[in-house]
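Two complexes are shown next, each including chain A; its partner changes from chain B in the first to chain C in the second.
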Partner chain A sequence: MSRRVRLGLFLLAGPGLAAVLVLGFRGLPAFGDYHGVYGRIVDNFALSARHATDFVTALNFDIRAFDTLGEEYILFAAAAGVALVLRGLREEGEGPHPAPPQQHGFAGASDALRSLALLLPPLLVGLGGYVVLHGALTPGGGFQGGVVLAAGPLGALVTGRYLAFKRIAPHSAVEALEALGAWAYAMLGLGGLVFASRYLQNYLPLGIPTHLLSGGFMPLNSIAVGLEVSGAFLLVWTEFLDQALISGRGDRS
Partner chain B sequence: MTTVQAVALCVVALAGGAVVLVPDPLRQVFVLGVFGLSLTFLFFAFQAPDVALSEIVVSALALPLIVLAALRKIHQHERESEQEREER
Partner chain C sequence: MSFLPFAVAAWLFVIGLWGVVSSQNLVRTVLCLIVTQSATYVLLLGIGYRAAGKAPIVADIPVVNTLVDPTVQVLVLTDIVIEATVVALLLALVVQAHKRFGSVDPAELRIMRG
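Right, the complex of A and B next:
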């Protein structure tokens, strides 16, 4: 099809599509119009019955904690899948990763950049830990904090020093972190089965609202998910960066 | 809808278009990061700070890093196959 025919077709179809879209948008409910019942129930319920001031966390880690179990294992399976496929590509078994020939730093890194690489990891890990622990109080929680935690070791990468990154987050530790997080969340759920006769039912004292240790087992669930998420992200990054920076350096064929 | 929300929506629309219009994948990664930041701003303006917190790290760090690694790998691959062709 030539450019002119395509343009003609578009001029014919475009206005029709626009008209249908406008008609469709006119039938939409007004902006901010909310008729959901569930949301209002949770709004009235999360603070009084769960002692959490961040309702999103209350929903994620208590009221619908079972959904979070599914989400967590989706991430776990995805990260494990990435590791499996990329290691298969490298024709490598379960063994340790090959030692890289040289430090992949780029020579032009200035002193300012170097000090930034030194500063960023502890700051980011601190912030991530804060976000994970305060999930029940302020916006945040295991998922958000876990990603921030995982970003910490990456701070060492701003100077291109991949080996420094691997020294902060060794491969075996990353794998262990991910597995530990996934295991811990399932075990916390089993605790509910034992102490409260229902899987993922709260069995810890709720505490005083706005205190750090409040919301029952929400902080524990948050920590478990945080470990899992940071482990999963670090694992995926490590596998991708191994592919890009270490393997395939020319001695393979 | 408040002014902040309207501005956020417009910025997201513009940034999204910009991502598509950049032809070079390497530059596209950075525009994608900026698009992610505008999305973060949007989520924050619509009172979803929980989502904004995840979005800021995922879009500014997690996704660009993976795309950059993939791009580097592709370049390596191209260079190697070129060398092999020259050797023959």
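Right, the complex of A and C next:
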């Protein structure tokens, strides 16, 4: 479809869109004038019934845990899709990755950069683990912590050395991490079926609020999602970096 | 003033959509799609806000305070993470399109052969 046809269609549909937008926004309550019931109920009972002090995590990994299952598998499917599409381009199917060339980026990285590359991964992984584990207490949880965890190995890239990144996060390990996260979350849900007769029902002792091991199975769900998210991000980055640094070198078109 | 967050959401939606429609580069199309999607974040958080409400995290504040709706925050935070991978998938498709058609202009993709 040429650009002209697209613009024409948009101008044709524009008034309809504008009408729907105006109608919809006119029906909204004023900003700050909240009428919802669900949020109020959660705010009132999450602490007493779930022993979690972060209600966002209580919703994410307990009350709406089933939705999170779906969201986690969207993530899984999208990351798998990236791998599928980019690997198809390399015309090697499921075969092993090509051996990366010996040197990338600027060889003359300064000592400061080198020590930063050495320092960043453990620091970021530690921070990510903290964010994942404390999801039920303070802002955090598997989704946010997973991204920080994934950023850890990426810290090794500040010197432009892709090989160092690959050594910290080898391809097979990244794939295994992602699959493990998806599997663990589904299995934790099955635990609810076994111990509490409902899928993804919270079946572990709730513990004392503000303690690390409180909120029942929330920390475990959080860890599962954290593994899944970090695995998915690392897989996507690995595929794109492989594409750019290894396969993309020779011009094929 | 109380309408400002919703106005921002509507503007982000329309400007992102315009970007998608008028785009001459698939990478730009994907980026504009992100802008469009950000409108939903602003809208959701705006709907969940209660006047003078605090963040729904009671680790260090008394529970009796007025709290905002945590439901919309869950939707937004999971979607931000998922969106990143979905955008990666779209960009992978752009790479694929460039390899196949030698161009990232959507107008050049008229012949969609399998």
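Simple rule for what comes next: the second predicted complex is superposed on the first by the 217 of 253 C-alpha atoms of A that agree within 3 Å, B and C clash if a C-alpha of one lies under 4 Å from a C-alpha of the other, contacts with A are read in each partner's own complex, and residues count from 1 in each chain.
What we mean here is this: contacts are C-beta pairs under 8 Å (C-beta built on N, C-alpha and C of every residue); 3 or more make two chains touch, one makes a residue touch a chain.
Since we're looking at a predicted model, the values are computed, not measured.
Asker: Output check: A:P139 vs chain B and chain C. Expected answer is one of first, second, both, neither. What do you get?
Answerer: both
Asker: Quick check for you: in the superposed arrangement, does A:V131 touch first (chain B), second (chain C), both or neither?
Answerer: First partner only.
Asker: For A:D54, decide between first (touching chain B), second (touching chain C), both and neither.
Answerer: both
Asker: Tell me which touches more residues of chain A here: chain C or chain B.
Answerer: C
Asker: Does chain B (first) or chain C (second) touch A:F25, or do both, or does neither?
Answerer: Second partner only, chain C.
Asker: Output check: A:L154 vs chain B and chain C. Expected answer is one of first, second, both, neither. What do you get?
Answerer: First partner only, chain B.
Asker: Does the superposition put A:Q243 against chain B (first), chain C (second), both, or neither?
Answerer: After superposing on A, A:Q243 lies in contact with both chain B and chain C.
Asker: State which residues of chain A lie in both footprints, the one left by chain B and the one left by chain C.
Answerer: Overlap of chain B and chain C footprints on chain A: residues 31-32, 54, 56, 139, 141, 143-144, 147, 233, 236, 240, 243.
Asker: Would you tell me which residues of chain B are touching chain A in their complex?
Answerer: 1, 49-50, 52-54, 57-58, 61-62, 65-66, 68-70, 72-73, 76-77, 80
Asker: Touching residues of chain C toward chain A in the complex: what are they?
Answerer: Going by the criterion above, the answer is residues 2-6, 10, 13-14, 17-18, 21-22, 24, 46-53, 55-59, 63, 67-74, 77-82, 84-86, 88-89, 91-93, 95-96, 99, 102, 106-107, 110.
Asker: For a test of understanding, state which residues of chain A touch chain B in their complex under the given definition.
Answerer: Going by the criterion above, the answer is residues 31-32, 54, 56-57, 131, 139-141, 143-144, 147-148, 150-151, 154, 233, 236-237, 240-241, 243-245, 248, 250.
Asker: Help me check something: in the complex, which residues belonging to chain A touch chain C?
Answerer: By the definition above, chain A touches chain C via 1-3, 6-7, 9-10, 17, 21, 25, 28-34, 36, 38-40, 42-43, 46-47, 53-56, 58-60, 64, 68, 71, 74-75, 78-79, 81-82, 85-86, 88-89, 137-139, 141, 143-144, 146-147, 210, 229, 232-233, 236, 239-240, 243, 252-253.
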